[in-house]
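For clarity, chains are labelled A, B, C, D and E in written order, and residue numbers in each chain start from 1.
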């Protein structure tokens, strides 16, 4: 039908013309892939699975290694022979369980009251996450959606806090949390005497909130700034305040970002031990020492019980695993399903 | 949720050694109670196995004014720092005159000194046990090489030179199932600097700071004597033990190659202990607790007949030592004291525990239980000690070790120095650095630290 | 007159009286700037108390020599010692990392003597390597997770879970993998010449490599999580437009996905860079500070012996990080930050 | 070849059938407009053609190739999206040049084409604005420009002019038509603007509930709607519908009769219920209809409400005295049995609540089967005015007033 | 009281003045439509009233209160946004009930109101869909429902019906008008649909370039446009404009003259350039205009293109023989000096390329000052056909053919 000469110099430019001779099988295959969408999508899928499996293997292998260690009686570990003989290939260094000693897991529980540590970790992480989310949401809204003088500077200041090694905060905070008077730096003027906070959640939550706040602020700033103004406008006309719009519209719409900030904060706190090990003076569960404190004290007390260490580590990871399995389903993939319209 | 400050209501909490607490904790508590502190609840709280880490934890605790633990077991190497900071209770004020004089009269004063304020001599801790390492070995393997009880008896008290020892060990390895000869601790950590290397170095007539008299100072006014032939010689010997092949820095003519596993450069005490227990190593340099554990409390202990001990071999006799007060067999002096938390809310009970630990009964009981060498010379010859099972069998060796103990160079700058020493010595023995280069670098590094105080 | 007002039943907010309403109204009427600062005030308070105050104190501390035993005001003495290399001997790992390339004395005041040079070099190498690979791998993982496929939930869990591992456990894993007794990886890797066969975890280069790999293993998940969130908030209809306009998968990625996740990616890289430059815990649990002396290592290892110096190092570290991330910040700033 | 063919295309969402067994054949170079009520499946049809949605069933061909599984980028179509969907991170220039850059046109060519497109949509000088700095209409114009720069074989345009003012819309229509001619492209177009559909299209496809109702040239849809739905949908205000019964004399409704010979009527027989339809402009006041050769018998009515529109006035006629509520409007009037909507000249002297007599243009009366809605006949002028057996059958249809008459 | 008053409101973006010194007084209960070309500032004006944008200058009052700084939620306004802006994370029910839930209405009341609103916009049964599962028109209806459930004092509606089909649009118009009456609310409305503007509004505000051009009842805007812009903007197709010179005998243009006495004309004197405007429906074929009492002198022309629209046909008349390109359309015809656009009955017997003679309805001829664009007069029938001094001044304007004449 289109015998009409093309009116414009270029419609869509044609695919580079291909001369068919002298092509090897690989080239033919390549061309087949380029031209045949069916083949191409099969290739994509194959590639996709290869990549996925690669990621799975690399991330999971260390856990497998822990499991092997935990199940192998310590005596066998110390002989350190991990070679596995494969037909044709010969000896391959690969850890396979030698012997089977699940008792290690029980033993670990006899030594460390994991349930108490896990409880502490959850309380600390939940409270910190809540505080961080609330504060970071406010800041994210301010930085992401408002224009005001000093904005860049404030963001820089918040960011700069995270430049410092945590140790830089430690001594004055520790002093203050011991109940010593807080004095104005350089001037020596005594301001007030705080209550003794060591061994309480407060002494851990406060510094950890400050520590993890900058990341959350930056994440939320990015996400909040991307919500179209129109939606906030609509909410405000419907009768919300600016903060109401934040809570009802902007936050739910930035849910992937909020969830990510929450997950990152929660995990970070759960795994934090610098502050908690110092503020919980003896890493005892009744001093609100988190799980890491428990595992750590375990590790440092029995340095050659490799199987027990591994078992303790696995036990320490389990709550997180469970949380990630269930929470991510609720938080992250719930959102994905909403966003993914295919 | 956690209403009360403490979970162990009413108990005296005692910061303790984790290995002992795990293995014989209950027995120790009963022993204390039977030794006079009956009616006192005692809870042993295990600390870090690494002495440095335990010190930091205790520093934080005491600085924070925590009331618990009420009692601490403190390494003789760092009690002094706590005394300086005023972190621990002055027992001269807490104890009766008679009790104080007991300490003065009955204890090894050289060891007790490490728990006194150097200024006024006040007592801050009760010595629990001095610690001297020995060379422990598998008699069963040695027998396979043709050695017998007479040899063992001689070895128990007569130190060998490293060359003799290496030859013997080599023979044993070749004749037995052992994979290698020597297991010891040689990681980059305090234990290498204060102890294992200190012993080898001293036995070659070397010293960090120009001899025994300068060990405790004065910082900055003592020579650094590291880049010296005897120092390098010792390093080369250790390198030779570890090396697979001869090279410019090994002394393969004098010592066998591969006598030790190269793994020792990542090892600490427990690695070494398990290596001999497993039967991989023929010999192991370690503290007395390892004897007790390996022949009594381990899961699969060795019989006493198969486990021997000897003083650490030496490089040069005392007379030939380049640095004053060194040479001959040398055992790094370790040991632990019991100190009192000044903030304790159970001071009375705690003092009762302290008093109980001062009894001979306790000292002997601990020797029996866990191999804590009694801190009182009189007890060394006591029948109970000689008959203690299994530790009594090793008393002779321990005495030799004790007589040749070398104190640790603990000064305010020691922490910095020890990590530097451990690093250089570790690298030299691992073959990552030439021994003379390591010595030279260490020399300048230590000089810097000395200068800056 | 409003019909809304006439309806019974509902309580209109504006009708309710009381201070809450008055405050709401007052807040709502604030100008943009005042409103911004009002919302920021709780953060400002929190950060002043638990961040600003301690930092100032620490800075004060850094002007003293060794506060514990004999506090003596030395002004910027600690900094000078640090920069001139005089303080080198107080730190671990002063002589081991990298063959000593002497640049001493090339600058009038600052001597990049052994220590600062190794710490800087270690920190920068570690940061560059780990952040680069984490970004790459994290992006890949995020793209995988953004797909819809059976078992996505489990793959996602698997990919995230390393991030949920406490550093002490992570360190333990890798420590054990290369432990001469318990580990199994040293020999094969040494055969390939990747790590040193003996004393692996006391060898600077091998340890740095292992620590980097350990960090990449764990922290790619952080990148993946953030990037995934960015991916998911992209308006899907833009892809429709792009598809119809003729964009191939790659072009969609390049022209839509990438620019739209760029802000998130920027944040991820920024924070990873900062965190990587403060690396300490992993070093401590896999190897040690003498072998892999990072900047934070220097802080921690002097902490109990010389707090003045430790504080000074902390500030120098912050300065170094500030300089290092300037590029990223500038990028973000241009994006409208 | 850019013929677009849909064969039995069905698109089902969980519980909704958006497109239902659609068969559509659009010739190369044709301009087809899809019209239909909101939610009837126009956009979905477009999406299946573009390849953005895989049809649940059926095949789609562009030219001779089956493209059902081909990705959008290989189909050679450009689309203006109903929701506009500009790339928020690109300025106007980058948005417009997007497709060209993808195809690696050289810079000059791109510049030139973008300039031309921007000129067509009258956005010169806004090329460096970001989308959020544009008004709604400006955004829509960017979307149009983005599609037209590509000059592809098939254009899909989903309500591209909805947000433009009348003048600009007229301008854009012209431009689109010129483009259509110049490039000889196939254009599939969705609009709710009847004038647009009428003036621009070669054919109009009327869709309802996902089903194609009629596809025909605009005037055919207007004058010969295939069924009740099309008749009611095309034309604004809507056609008047009155239900009645087919008698021997023609059609009998509640208020009036129309005389014709039902025997001439295929597909319906006496006694059937049929619906009569007549457009407002085909109702005349009896006095103004002298010139009308095909007038029906006069019907008495009362004027209810007048709605002046500028160029015409809508008059709501009430057929019974009860009258309708004052608020009844065209929409209701069209379907209410006792109401007729008539449009008259703006100059006409007509008042509210007047008694008037009106006639219908018989040649413009449509009859539909009330049950199936299918059209029976368009224009009664070809039918005889009475039963074929009657003597009056010879009577000319031209004699106004005689054909049927008022009933009360 | 929900009077809405804008006093000297100006809104400036960096380099764009979106609203320029706008003064607007909208009475309580009034229905005012804002019209104007794309980008003229309608949406921005709405936003300032809603409180979403702070005006750069000026004050806004609702009722008696100055609300310039009041937050949107306290202004008692509801708004339908041009870009629809549904909350994507809420289903239809939640979207509609959003404002009610904020105000803590009880569940029952909410349910009831949502149901009613859903019924009005014909979305019953879709309440649990998510926005992305709706068609464009359905989304827009949700947006309308969201605004109307609240029943506030002031409604702002920015092209609320743009994506709806003609029928639904008519329905929605009716509903909005009923709501307007029932609730007695003030409605400010933006539309590009002239019919909508005409039928619904009490007054129309015509805006151009951010400036208010005219605010008046619809027919006034149509019949007595204040200036050239309004005249050209209102009415579709657009008014024909021909530029000419004012002479002693009336208006002289390139192709024809219109006779009147310029002395009667205020604001212009002989020699001035004026623009004459006449709408397509006010041009008649001479033979069909016998009944027209106010016809001008006949003008000879050639028909160019015919554009059948169903209910009318647009005829492009060429005044000179050169003719225009075949593709010239209403838009160009309106402004081209040698073209006139005429609309005729669909039944009219007219062909392309016919020679025809046409007359203009003098009573519908508008004159504008060509320089300022201001209207001079609407309808020349009140003016005498010649200079006042001439004897012919007594001549009745009713005599067709005598007033002015064709010029070649």
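Going forward, contacts are C-beta pairs under 8 Å (C-beta built on N, C-alpha and C of every residue); 3 or more make two chains touch, one makes a residue touch a chain.
Chains and their UniProt names: A = Carbohydrate ABC transporter membrane protein 2 (CUT1 family); C = Carbohydrate ABC transporter membrane protein 1 (CUT1 family); D, E = ABC-type D-xylose/L-arabinose transporter.
All values derive from a computational prediction rather than experimental measurement.
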| request: State the smallest step count from subunit B to subunit E, taking one step as a move to a touching chain. | output: 2
| said: In terms of touching chains, how many steps apart are subunit A and subunit E, taking the shortest path? | reply: 1
| task | Look at all chain centres (mean of CA atoms) and spot the one farthest from the centre of subunit E. | result | B
| said: Which two chains have the greatest number of C-beta pairs in contact? | reply: A-C
| said: Which chain is most central here if centres come from C-alpha coordinates alone? | reply: A
| task | Report, in whole Å, the distance between the mean C-alpha point of subunit D and the mean C-alpha point of subunit E. | result | 23
| remark: Whole-Å distance, C-alpha centre of subunit A to that of subunit D, is 56
| query | When the C-alpha atoms of subunit C and subunit D are each averaged to a single point, how far apart are the two points in Å? | reply | 61
| message | Counting only residues that touch at least two other chains, what does the list for subunit D look like? | response | 71, 83, 103, 150
| Multi-chain contacts in subunit B: which residues touch at least two other chains? | 271, 275
| task | Name the residues of subunit C that each touch 2 or more other chains. | result | 13, 28, 179-181, 246
| Touching residues (chain side subunit D, partner subunit E) in the complex | 13, 16, 35-39, 41-44, 82-83, 133-138, 141, 158-159, 162-171, 173-174, 177-178, 181, 192-195, 198-199, 218-219, 222, 232-238, 279, 281, 307-311, 327, 329-332, 343, 346
| query | In their complex, what parts of subunit E are in touch with subunit A? | reply | 47, 50-52, 71-73, 77-79, 81, 83, 85-89, 98-99, 102-103, 130, 132, 146, 150, 156
| task | Would you mind writing out the residues of subunit E in touch with subunit C in their complex? | result | 1-2, 28, 63, 69-71, 73-74, 76, 100, 102-106, 109, 150-153, 183-185
| said: Going by the contact rule set out above, which residues of subunit A touch subunit E in the complex? | reply: 228, 230-231, 233-242, 244, 248-249, 252-253, 255, 338, 341
| field | In the complex, subunit C residues that touch subunit D | value | 235, 237-238, 240-248, 251, 255-256, 259-260
